[in-house]
Amino acid sequence: MPQHDVLVIGAGLAGMRAALAAAEEGASVGVISKVHPVRSHSNAAQGGINAALNPEDSWESHAFDTIKGSDYLGDQDAIEIMCREAPQELLHLEHLGVTFHRNEEGKLGTRAFGGASAARTYYVADITGQAILHVLYEQLMKHSEVFRYEEWFTTALLQQDDGAMAGVVGRNIRDGSMELFPAKTVILASGGNGQVYNPTTNALVCTGDGIALAYRIGAPLMDMEMVQYHPTTLAGNGLLITEGARGEGAHLYNAEGERFMEKYAPNKMELASRDVVSRAEQTEINEGRGFPDGTVSLDITKVPRKRIHEALREIINVGRDFAGVDITREPIHIKPGNHYTMGGVKTDFEGRTPIAGLYAAGEVACVSVHGGNRLGANSLLDTLIFGRRAGQDAARYASDTGMPKPSYASLSAEQGAIEAIIRRERTGRRVSEIKAELGATMDKYAAVFREEDGLRTALEIVKRLQQEATTTATDDKGSVFNQDALGALELGYMLDNAELIVMGALERKESRGAQFRTDYPARDDEHWLKHINLSVNGEIPEVSYSDVTITQWQPEARTY
Amino acid sequence: MPDYTLKIRRYDPESGDAAYWQDFTVDLAPERSVLDGILRARDQEDGSLSIRCSCQAAICGSCGVRINGKSALACNTKLSDAAERAQRGGINNEATSNGAIVVEPMGNMPVLKDLIVDMDAVHWKKIQRVVPWLLPEGEPPEREYIVDAEAMIDVTQSMACIQCGACVSACLSMEVDPEFIGPAALAKAYRFVGDPRDAHHEDRLRDLAEDPHGIYDCTHCFACIEVCPKDVAPMSQIMRLRRRATGDYAIKDSNNGYGHEKAFVDIVERWGTLHEAQLLPRSFGDGSLVKGQTRPAAVKQLIDSAPAALRGLARGKVSPRKVLIHPKLPDQKEVRRIYEEIEGRDERIELNLYIVGEEGEGGADDKEPVQGESGAES
Amino acid sequence: MRVAYWPGCVSRGFTPELHGSMELVAPLLDIELIELDRANCCGAGVIAEHNQELVDTLNARTFAMAQRVAGSAGMMNICSTCQGAQSECQQRLDADDDYRRLINQHLRPEGLEYKRGDDWTNKNLLWLLVEEIGLEKLRERVVRPLEGLRVAPFYGCYIVRPTGRLGYGEFPDRDRYLEWVIDAVGATPVEYAGSHKCCGFPVITMNKATSLRQAGRHLADAIDADADCLVTPCPLCHLNLDLQQPDAAKFVERPLDIPVLHFPQMIGLALGLEPKELGMGKHVVRTRDVERKVAALAAV
């Protein structure tokens, strides 16, 4: 029976960073991931990672930009920690071997990014997330003492009688065997829930597993309504064009050839916060100044060709392979698209949830450093800083905790549940149909602009889909790589996430960050400068509120 | 929207049956990907159809397969392109496709189920073989390592590898020598050998040069370059490893890699064209004709290759005179001068098309304004 | 058609029958060969592995000489390896103006300069035949259709990959030309697994097993597909497939006995030339059976 002091669920940046940090503290560590670690969605972070490393820059400036970007919903104590620790974390990555871009002096070089008052984004071409992910995996290969359970799917979190963590149940995707993993601590690092929407920039694996698993055992979720729409995604398939493109000087135009950001953010223009730029684009499109395919255009030809090759190479490939556009020669059509989950499992800044021994870090978690809107190039930072802190704290916690003995009954219960799905005769819809309807529903009613009636409609649909999901069946009756059965489990996770996003959006009767309510178009600090927490409570989640921590930056009007 | 037929290689390890072909017809727009087609078939027809996939944007590296015989990512191969290729008749399709898009699991790796192969048994084992982590000297500096900007961009080409295995699948050396370390792992090795922060360049190179399945086991067939979805050009990275091994460290390996390169380069310097009769003995003697004909190990290799040489003589392909005398080019001194100019310098100049882009900036020379002299960056 | 002709080293070295047959075939196809007898070795990938600037300069030198051949339609080679090695250099030379100037500085003392030109090309005989001369014309000139002869094409890696560098954007069928030409001369193209794979020659001195297992496997596949012979436009492939064939047989542990023709030899046979004058007697694997078939055709 594989047992560990620290068991990490998910092997993207947050998960691998947590695992390495915990191992460094001397803990016995296991990492469970439903895909091989280098397939994780951290790969998709193209543009870079923020850190106030330059002597002319300051962590305070970084913190203020982050707080303003969050529309004052971020917790300032957590943001301070993230911004203070950013330079050291960046240097640590550099020392591990990340091939960060250098300036002419051979020192780390930066690029400009949205919502930032200084160029403090460090990068590897436009494959920053990929480069860091692969370097952390190099470290995992080096530190073979960290057990890797690659292609294992987590079906349940287990608690002891007193509510503390006891471990997890996992299914080996390769052969269908199931295993009980006793663990003193569990760190959720399983990423966001973008697949709840369609289209999305998120990978197929981003099904909100950790959020749903934590919610189901009673961990509170925070600010679930805060869903980021990225300003530059391809129409149709939702593929991401990095903010780095605008950072390097690309402009946005409507169909009338107008550089419309002049109207919305006269100072920062294309480099305003993402929520601001996405709303501007959607307004242009809604008011008839977009292209017939419901887009505006991003003109990267402004950037010198050699610089594009050096710094935006992936975008050349994306344009060529997925849109048939040579971005070095012509503009590309883009629109806002689902991108990032600001909300998630509520944690403190050591990654702790209210459940003893359960931690969360990265996109699955809500510390909250992103509040209502995440700044570009802060997501990698979040994963690394809070991944490391969670790993360290979990190792410490585990050092004076005994190994729990979770019951085998939970293993057989999980086995039984999956076998029931596999054995079930098809009486209803396919998983794919339900998923497609869910994605379209969320993109229609819980996107850039929201209002009460639409959200109510969405909630009804999600409730119906939850019912329908109980009758789906699998074609695959086998054990080896039964992706069909896992798809049914993921659908359950996604529907939980969707319900909670819509609940949060209905609850927050104001416009802040990514949540824009057309029926409540103003920010309302008096009533809503607070977090919305949702906890499991039978049929309808229980809503509670918590204060936003303000240290030194009082809320101000937000202009760019 | 047009219909596309996908002919997919199926295999269910639990059935006890052999692999078989199954056709699926999907109705999708031409610009959609082969992966979209496979997922459509899975979603609508048969949920047991298995393929690893995640990002759908050619960054996670999950969906490596062979499409019409060519290794590729399913997510960045358009249905229309694949169908056109299938119509044309692909190279070496195992199935008679009748115009269908043929999709098979990757090659050189065992198949686990349908389009899923065992990457651990081959690909990741080989990655592990090259000590795939940075080995700096001593404690790290307080701030960042100061390194040349170009060097970082240069290794970023191999850092761009997404470990999809397409090159491993296509590798023609691995097809006959499963022990070959292979294109992906050797590209990974260059990521460290090209990284100025790594302190073990020579050890790494010596290891890879001495391994009979290392850098000199690459047959230079370009298959990996052709299929790589990220322009990593693994074979070019292997050639750079060789260049560093011989040029920077003069590593005289027991596979004759050093000798072969030196022999070839020296012969062209001396005669201008290849004097084949001297290539073998010089190769076996680390580039030296004398060593190659006297050193015991070299002599043994010469004797081993003697039958081929004798066959050539017997057929009149090669005359004894030709073996002994090779004419120099009329202007051989010019070739020699070029060698001296370039080899006499300390630095090697390389133009990396990954960095500058593959198409030129300007048009033909006669359309360009005359410009002053300027040296290329080194 | 006048071409600046680069025969390569091997066609004048260990496969002299190649250069010889090319010289006989050229006039029959109205090709006037202006031989670049002062040009140097292409480097065959080995000098590229040693020093890129050196190999680029050496090939720029050859190109510059070819560009000076008055009235030529471009440069022609008869070796897949020369084609690939030279195309690689040409791509770099054409991609960057500064780099090209740097390379040209090395040529200046000799009074040479390589000029990037959109129209100037370097093509091997196979490409030139299909794209410039045309298969129609070839068919007209055929006096001895090689009916019944089953020919397995073997391209050589250097004219097949990487497609991006080798003009497949403009000419996507370059990986089918050998089949087309085999068909045009009246023979039957044989489909088999190895046609576009590697002969293994580049590692013959470094790893004989890897090298000859490849050659052996492709030869065996061609035999199993009932081919009478192989045809290759690459003399280096010819060395591994023909000269080394008896050794390759040991590595694949089965007898191999299949003749390998050079591309111009096959054309020559169809244009009425005799096996002996095409140097087929110089092959290691006897070409008797092919000759007998051809002789029988002549008798018809």
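Just so it is clear, A, B and C label the chains in written order, and each chain counts residues from 1 on its own.
Keep in mind that, in the parts below, a residue touches a chain if its C-beta (ideal position, glycine included) is under 8 Å from a C-beta of that chain, and two chains touch if they have at least 3 such contacts.
Bear in mind the structure is a predicted one, so any value in this text is a computation, not a measurement.
Taking the mean of each chain's C-alpha atoms as its centre, the chain lying closest to the overall protein C-alpha centroid is B.
The interface holding more C-beta pairs in contact, when A-B is weighed against B-C, is B-C. Centre to centre, using the average C-alpha position, subunit A and subunit C are separated by 55 Å. Distance from the subunit A centre to the subunit B centre is 36 Å, each centre being the mean of its Cα atoms. The mean-CA centres of subunit B and subunit C are about 22 angstrom from one another, to the nearest whole unit. Residue positions 356-357, 361 of subunit B each touch two or more of the other chains. For subunit A, no residue reaches two or more other chains under the stated contact definition. In subunit C, no position touches at least two other chains. Residues 12-14, 31, 42-44, 46-48, 50, 52-62, 76, 78, 112-114, 116, 119-120, 127-128, 132-134, 136, 140-141, 143-149, 152-153, 155-156, 159-163, 191-192, 195, 197-198, 230-231, 354-357, 361 of subunit B touch subunit A in their complex. Interface of subunit A with subunit B (complex): residues 35-36, 38-41, 43-44, 91, 94-97, 99-109, 124-125, 127, 130-131, 134-135, 138-139, 141-142, 150, 174, 203-205, 237, 239-240, 305-306, 309-310, 313-314, 317-318, 321-322, 324, 430-433, 474-484, 487.
Of all the residues in subunit B, the ones that touch subunit C in their complex are 88, 91-92, 172-173, 175-177, 180, 212-213, 216-223, 225-226, 239, 242-243, 246-247, 255-257, 259-261, 264-265, 268, 272-276, 279-280, 283-284, 304, 307-308, 311-312, 315-318, 322, 329-331, 334-335, 337-339, 341-343, 348-351, 353, 356-366, 368, 371, 373-377. Residues of subunit C touching subunit B in their complex: 9-10, 12-17, 37-41, 43-54, 56-58, 61, 84, 91-92, 94-102, 105-107, 109-110, 115-119, 157-158, 160-164, 172-173, 175-176, 193, 195-198, 200, 202-203, 205-211, 213-214, 217, 243-244, 246-247, 281-284.
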